[in-house]
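In what comes next, chain A is part of two complexes: it sits with chain B in the first one and with chain C in the second one.
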Partner chain A sequence: MATLIAQQQPTARPVKPTTQLRTTLWLLVSLIVVAAFWSVQIKWSSLADFPSQLIKYLGLMLFPPDWSKFGEAFKATILSVQMAWIGTILGIIVSFPLSFLASRGLAPRAVNAPLRFIFAVIRAVPEVVIAILILSVTGLTPFTGALALAVGSIGTLGKWGYEAFEGVDPGPKEAVRSTGGGTLALIRWGVWPSAAPEVLSFWLYRFEINVRASAILGLIGAGGIGKMLQDNVQFRNWDAVGMLLVVVVVVTMAIDQISGAVRNKLIHGTWRAPRRAS
Partner chain B sequence: MSTSLSSPTQHRHERPTKPKLGAKYAAATAVLLIITIWAGIGVQVDLPAIAANWRNATTNIVQLLQPDYGFFPKTIPALLETLQMAVIATVISSALSLPLAFLASRATNPRPKLLAAVRFLMNMIRSVPDILFASILVAVVGVGALSGIMALVLFNISIIVKLVSESLDGEDAGAQEAALAAGASWPKANRAAMLPQILPSFASQVLYTFELNIRASTVIGLVGAGGLGILIDNVRSFFRYHELSLIILEILVLVLVLEALSAWLRKKLV
Partner chain C sequence: MEHTAADIRFSDVSVTYPNGYTGLKTIDLNIPAGEMVGIVGLSGAGKSTLIRTINGLVPITSGSITVGAHQLNGRGGAQLRGKDLRELRSNVGMVFQSFNLAKRTTVLNNVLMGRLYHTSAWRILLGAWKNDDVELAMSALERVEIVPKAYEKASSLSGGQQQRVAIARTLAQRPQVILADEPVASLDPPTSHVVMRDLQRINADLGITVMVNLHFLDLARRYSDRLIGLRSGEVVFDGAGADADESVFENIYGRSLTAEDVLDGQAVL
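The block that comes next holds the complex of A and B.
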């Protein structure tokens, strides 16, 4: 080993890599940026009174927020979270087997490639657009929102899943193969035990994303906190909007904390993240 | 060679007992099942309705599969606006978020109170979805690209600051310590010792947010913030599914092409 490396070491100094391509690319990027600023139709002058406007509206929204509709807002938030949950569960149920089929080595290439393409296409379409597409089948209900989130989840969970399955240590896989295990045994004993913590934490992460996205879906009428927010913005009930924003922020942060704790439990075995040795 | 060092008492002859996790797993499954049923009742999961609506839906789906390419010239201005919004928002937010990232990292900000304040603010901004910012900003600033850009900037800053400050936390602080020991102020030490280390990760996060922006700027128009979203809203309310399908196709192509481009740029520039 050592002799091999010694032989490979070049005797001459390495040539300095050319920077021509990088320079051209940077120029091109700058050009695009300048063009975008120059061509966009914006009245930049309206930015001048933005700070005062911002303070005015923040004052209207938050000092003080209107807590009279808190009960309704709380119910709407719960509905949003339920939408996110059902969306995540359905997404997991569909994407879990599919991501095995999309992994190289666990299914034939002819199955891998189309699945990966489908995942990429789904990831390219925003959830709101998926919801608009599904609307025509299911109508404007919270269930539509959940379905849209489920479809959106399949794209990301499918991709993260097959990446995790392909990245596992080959040792256990070889062990299963060498003892005559079939593909199912390979998945159960060679792949799943090593990939499980990572995959479970992806599911949690996707749930966090779905909580945020479910608020967005309300804007097109799928119900939940987004719908209530949109209604109040349209009628300029700023103090109610402020209250809703507080609710959204608190609930999202709380869910992030809980799911972060569960994730730590899954990966490190403790509820709190272990302190990094420094 | 390591076997001679380890003491023989560490060798166990009996097998370790298998941990009893059955009850724990059962409890976890039960909790998950209960939450799922509760949520399912909440969102009114109704599978028969899908089957019933399916017949109505088939005509819509057939329309969706036939994009109206004649509509393309009319979408060009909106398409361009989407691109402009994404580029401008990415540039502004990357400029604003670099100093904020240094303030939000324990490794580069010696003041605990300022650190906590910046982190809290960023967490708060991050928990509001971009389209909600957009719907409020449209009311404050007015309909158009400006409110969209501002919503994207707010959203991007929180993401870039989080990711870059985390990579700052993980960097080697040796050079920074040396700079501080030689009498540099914190900003100078950070500039000389920490900035060069995180520039590659910063650049790749910026490209990543650009991809996010392309996707987001296609939809924030739904609330009036400019770009393709406004068009989507128009054709959707008049049930023009042929045109809707063309717009979705455009989004698809735009996102896939720009993602490929940004992956290539990342390889070349970072």
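The block that comes next holds the complex of A and C.
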């Protein structure tokens, strides 16, 4: 059978679109990958030693870990979590009003644009760099770490906030305007009820991120578990380092689990993530 | 509840959207206080535009509209804005096709949103409504028979109940006028009748002017004293609902009628 349809004149067949642009982009990406490998001067020989070295150091750290300094480690962990907690709270206090001002439709464009730019700049700078900039003023203290996390939080919370506020259902906003409500009424009753669960869950998520980041800030001397880790690596107390790793991983995972459950409760109304329909 | 009514007068009103689309063409209408007006027409005929010009949600391009003591003007004329515009809106309730409730808060809070114009900043912020307003909201809920659900989340209600909460929200405004933009388009036929009867009773008992956009012509004929037919932004019929026969509707719609133009016809099909 030559044709599938009983038709005398076949309709014109479309020409296959060219893929020149796509091909060029793929070539470019491949070139960048090759150039990157070449420029970092990888010592491929050391890669062969890597598995054995890894096993050696894991053995030194974890078989067995040194639990004698567990009390001190636990206190240091609490300090790190406090750093994260204070940083998150300060970040929320500053970013919350700012993200309303950064939302289109809730404040003039002339206010939106510079705030969005500031959020973007902050997000481009890692917390460690922020801490180094701040410590010239406040010195190397846990509070410096908290401040660095607060500034970093403003960048992400500000952006997540205005995206959530702009993304709400326009219906209730229209309803508030139709009753004669002003901007405050619009924000409080047209926007906030719809955006609240999402925004609260962002705050918790940022706390989870800050818990992890606080350990890293300790490495530059801001105190807490990171500093203790750094000190023990310096003196090659591998068994103590192993204990610290266990503590960090367990505490971080525990906080992630609790915070994740609360976030699910806020968004979905259940403590565990709902199973996706298959 | 006491309500004062206001006449609505359209003088030579036109609306052209920024993209050049003509919403309304030289509309002249006089709607005395207390009328129940149905507005029919195909989608795109200007029903929604007509209703939204009355509370300034859609600004008019030329002409003027007076609503009681307030006047809305076209470009070049004095513009109603800020506090004055909000005062006009506080006198005009609006019901929407998709209910437009804040779904994650309580039914009562949604009704109290009708009091926002009269509520101070700190009370708005904290949701600390005045006791009188709470009682007013409760009596508005009473009228639509949803008082027992006052403290439930709006999202837990059925579509018909949500629309009746939206009607209660407009009642809490103590409005002179209620505008309803396709209020039953998202509802099933029996529920549509319930909602239309609510609007009819509010009009009859409280003397509030009610203007309803409707797609189904049997609903329009049954529930409105006066029927306005729009076609391409122009009024092509203005008269008693009872006078609108099949030929009138064919003129409004610009085509012969089908079963889909009738709500109860749809239920049968």
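Assume the second predicted complex is superposed on the first by the 257 of 278 C-alpha atoms of A that agree within 3 Å, B and C clash if a C-alpha of one lies under 4 Å from a C-alpha of the other, contacts with A are read in each partner's own complex, and residues count from 1 in each chain.
Assume a contact is a pair of C-beta atoms (placed from the backbone, for glycine too) under 8 Å apart; a residue touches a chain by one contact, two chains touch by 3 or more.
This structure is a prediction, so every number in the text was calculated from the model and none was measured.
When both complexes are overlaid on chain A, the residue A:Gly171 reaches chain C alone and has no touch with chain B.
Of the two partner chains, chain B is the only one touched by A:Trp85; chain C is not.
In the superposition on chain A, contact is made by A:Ala196 with chain C only, not with chain B. By the touch criterion defined above, A:Ile258 lies against neither chain B nor chain C after alignment on the C-alpha atoms of chain A. Residue by residue along chain A, chain B and chain C are tallied for touches, and B comes out ahead. In the superposed model, A:Leu21 lies in contact with chain B only, and not with chain C. With both structures placed on the common chain, the touch criterion links A:Tyr57 to chain B but leaves chain C unconnected.
Judged by the touch definition given at the top, the superposed model places A:Ala120 against chain B, while chain C stays out of reach.
Once chain A of one complex is fitted onto chain A of the other, the partner contacts of A:Val241 are limited to chain B, with no touch recorded for chain C.
The contact surfaces that chain B and chain C form on chain A in the two complexes do not overlap at any residue. Contact residues on chain B toward chain A in their complex (touch as defined above): 35-36, 38-40, 42-46, 49-50, 53-54, 56-57, 60-61, 64, 80-81, 83-85, 87-88, 91, 123-124, 127-129, 131-132, 135-136, 139-142, 144-146, 149, 215-216, 218-219, 222-223, 232, 236, 241, 244, 248, 251-252, 255-256, 259, 265, 268-269. Interface residues of chain C facing chain A in the complex, by the touch rule stated above, are 55, 57, 85-94, 96, 98-105, 109, 113-117, 119, 121, 124-125, 127, 166, 169, 173. Across the complex, chain A meets chain C through its residues 169, 171-172, 174-182, 184-185, 188-190, 193-194, 196-197.
Considering their complex, residues 21-22, 25-26, 29, 32-33, 36-37, 39-43, 46-47, 50, 53-54, 57, 78-79, 81-83, 85-86, 89, 120-121, 124-126, 128-129, 132-133, 136-139, 141-143, 145-146, 212-213, 215-216, 219-220, 226, 229-230, 233, 236, 241, 245, 248-249, 252-253, 256 of chain A touch chain B.
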